[in-house]
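Below, subunit A partners subunit B and then partners subunit C, in two separate complexes.
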Partner chain A sequence: MFKIITVYGLMLLGALGRTLLLALLGLFFACIIGLIFGIMGVLKNRACNVISQIFVDVIRGVPMIVLAFFVYFGVPYFFNTIIGGFNVGLTALQAGTICLALNCGAYMAEIVRAGIQSVDVGQMEAARSLGLTYGMAMRKVVLPQAIKTMIPTFINQFIITLKDTSILSVIGFPELVNTAKNVQANTFMSFQTWAIVGVMYLIVITILSRSAKMVERRLSVGR
Partner chain B sequence: MKKRILAVLMAVATMATMVGCGGSSAAETSSDSAQASSDKTWIIATDTAFKPFEYTDDNGDFVGIDMDILDAVAKDQGFKYEVQSLGWDAAIAACQAGQADGLIAGASITDERKESGWIFSDGYYDANQSMAVEASSDIAGFEDLKGKSVAVKTGSMSATYAEGLASEYGFTVTYFEDSPTMYQAVVGGQVAAVFDDTPIMASNIKDTGIAMKLVDGTGNDPAQYGFAVFNADNQELVDMFNKGLANIKANGTYDEIVAKYLGE
Partner chain C sequence: MVDKSEIKVSVKNLKKSYGSLEVLKDISTDIYKGEVVCVIGPSGSGKSTFLRCLNKLEKVTDGTVIIDGQDITSKQTNINQVRENIGMVFQHFNLFNNLNILDNLTLAPVQLKKCSKDEAVVRANKMLEKVGLADKTESYPSQLSGGQKQRVAIARALCMNPDIMLFDEPTSALDPEMVGEVLQVMKDLAAEGMTMVIVTHEMGFAREVADRVIFMDGGYVIEEGTPQEVLLNPKEDRTIDFLNKVL
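Now for the complex of A and B:
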């Protein structure tokens, strides 16, 4: 146990840092994607609804490990070899961010859509009859209420995404699991290695969910 | 009542699964030279794709030099076994955790491994590690790797070899789980080069026509592949393997197996 901490501790901490970087990048873009497709899902425009629904269905219907191999190996192969003439190259970090953003984004879109739809239709009608435009009513009346109901589910999704970064170990991104496999292979101490890695995830996720709970409490003031 | 029916159903399903597994891959032969007294079915862990030592052929059968040697040795010594194709590092972990009894996966016999608890059989194949690059690449040696990234397999000899060269030549090492993924990364340009066992790469280049080439002069000193166990209680298995290996080498089966896969 101590050998792993003293010899490989820094290496594992670095890997944890890269895991967090990947998760944050993925979440950032996932929020953008989720917001866009989620709002597209509730707009009174059939084409937007369909596009949003197709995106969500496709991404949700594919396991993330498949998505990872597809983005990292498949997409460059498609452009460089099948079509030819391109020189597309994705680093493991870029490919990993894309995978997380798409995967998490699809779930975020559903959360956003459900959150907005959970706000009583009367709110929108009342806002519109007071003379607000659709956009104004959405921004000032519906979204603030919707976001409050979305937050617990968002946090849940953040945690899932943080854990999903481990799947990206298969494309060689040196995040925590990829690095830990290496430590385990060097030391042959599987129990100690995976126990340490488990605790590292546990600490980070506990901090995340505790601080999220605080934010939730702040926001729910006045309910 | 409902729970009871469920319990019975589950028991039946479990039994069916166990019977199914046992029948499919366990070797149930015994010959005159049989030494094993026990009826134990040994669980042997291996890699998923390490052609030509273990891989799934076009018929969907899991074959390879390791598989054929294991089969010939088991027949010779009259022990039963069941192969679990787990992947390289998972196979090692399974053996250490006692989920599997032995490992046959083109594992090089090294002092470091012996010190950390591997118990090896006699060597059954000589192999070294070298570097390969994409077919049209102009990388001609380690000097051209500066600032680039190379693929290795987690916990393998190739990883040790590349790690030893990384700081001297200024390249970074990326870890993958199996050989095909590494080759894919080389051909796709995600990494500049791959370090792997020479016979494996040569066989893959020859058989699959993958756009990769070996770089001359990048090989290290050869080491022997051995069958391994991780628990002294399984010494019996190593002894049987050694005897069986000596027998199949003497009667020509070994040469037939190697010739079948490498065409020598």
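Now for the complex of A and C:
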């Protein structure tokens, strides 16, 4: 146990850092994707609704490990070999970020859509009756209320995404699980290695969910 | 108060359906400047839908609605601009829950660049004073009683300086002891010469304030006239039947 910590401790911490980096990058783009597709889901435009629904259904219907292989190996192969003439190559970090952003973005879109729909339609009607445009009413009245109801589910999604980064060990991105596999291979101490990795995840996620609770509480007090 | 030389709202052969359900079958009426029109009728008669067609919260299926000479059923009309001149008060108040009372009142004037933020605040305070809630600027909607919320909602609509006010059962969601304070604000408004269309179940209010009462049933206007004519001496059987039930 001590041997792992003293010899591989820094290496594992570095891997944890890359895990967090990957999660943050993925989440950042997932928020953008989620907001766009979520709003498309509530617009009074049939085409937008359908596009949003198809995106969500497709991404939710494919396991992330398949998505990861598809983006990392499949997409460059498609451009470089099937079409030919391209030289597309994705780093594991790029592919991992795209996977997380798409996967988490689809769930985010559902959270955003449900959040907006949970706001009483009277709020939109009252804003429109004053002459505000749809966009103004959305920005100033509906979204601020929707976001408040979204926050708990949002944080939950945050944690799920952080854990999902471990799936991306399969495309060779040296995040925590991928690194731990190497440690195990070198030391043969599988019990100790995975216990340490488990505790590392546990600590980070506990800190995250605790601070999330605090934010939630503060928001509900301050209206 | 009624100025018959100026028509504010002109409705011609208005029809509205939801799928195969026809809610408004054929409504035509003109509303003059300064006129207070009360629309009464049993629930499901289409009176709220009629009101919501006047500012296009409901899309009209057929017929025309002309506000101040602008046909709002036409695609060329900028509906947002027309709505700026039509205040609306809802049964469930619909105050913006994320904003305090002052921001509720200033949001639209400032966003639509009707005036500067400072001017909007001055006007908002004046309107709040008018409805007797000058001390509530910093409160949030959830901290007010129903009657107070509805008075704020009226003040919010007035901040846009509208020519026409639409009221959709403004007292139906209120506790009985709060109805009076809201009706009083509406009476004051009527006395100032505001053009008002009010969907209501308050027959006493209609008798006292309305210039004209419209009785609707089954998507048609069954009877219209002065409160004297419609409420006290109704001619149609359905009107008599309805008034017997509510009075």
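Structure notes:
Everything that follows uses one rule, which is that the second predicted complex is superposed on the first by the 221 of 223 C-alpha atoms of A that agree within 3 Å, B and C clash if a C-alpha of one lies under 4 Å from a C-alpha of the other, contacts with A are read in each partner's own complex, and residues count from 1 in each chain.
Keep in mind that, in the parts below, a contact is a pair of C-beta atoms (placed from the backbone, for glycine too) under 8 Å apart; a residue touches a chain by one contact, two chains touch by 3 or more.
Source: prediction; values computed, not measured.
Placing subunit B and subunit C on a common subunit A by superposition gives a fit, with no clash between them. Contacts of A:144 after superposition on the shared chain: subunit C is touched, whereas subunit B is not.
In the superposition on chain A, A:128 makes contact with subunit C only, while subunit B stays out of contact range. Of the two partner chains, subunit B is the only one that A:190 touches; subunit C does not reach it. Once chain A of one complex is fitted onto chain A of the other, the partner contacts of A:174 are limited to subunit B, with no touch recorded for subunit C.
Contacts of A:84 after superposition on the shared chain: neither subunit B nor subunit C is touched. For the pair subunit B and subunit C, the least inter-chain C-alpha distance in the overlaid model is 47 Å.
Of all residues in subunit B, those touching subunit A in their complex are 89, 92-93, 96-97, 116-117, 151, 154-156, 159, 174-177, 181, 184-185, 188-191.
On the side of subunit A, the complex with subunit C involves touching residues 120, 122-123, 125-133, 136, 140-141, 144-145, 148, 223.
If you check the complex, the residues on subunit C that touch subunit A are 55, 57, 80-81, 83-84, 86-88, 90, 92, 94-99, 107-108, 111-112, 140, 142, 153, 156-157, 160. Within the complex formed with subunit B, the subunit A residues making contact are 72-73, 76-77, 80, 89-92, 170, 172, 174, 178-179, 181-182, 184-188, 190.
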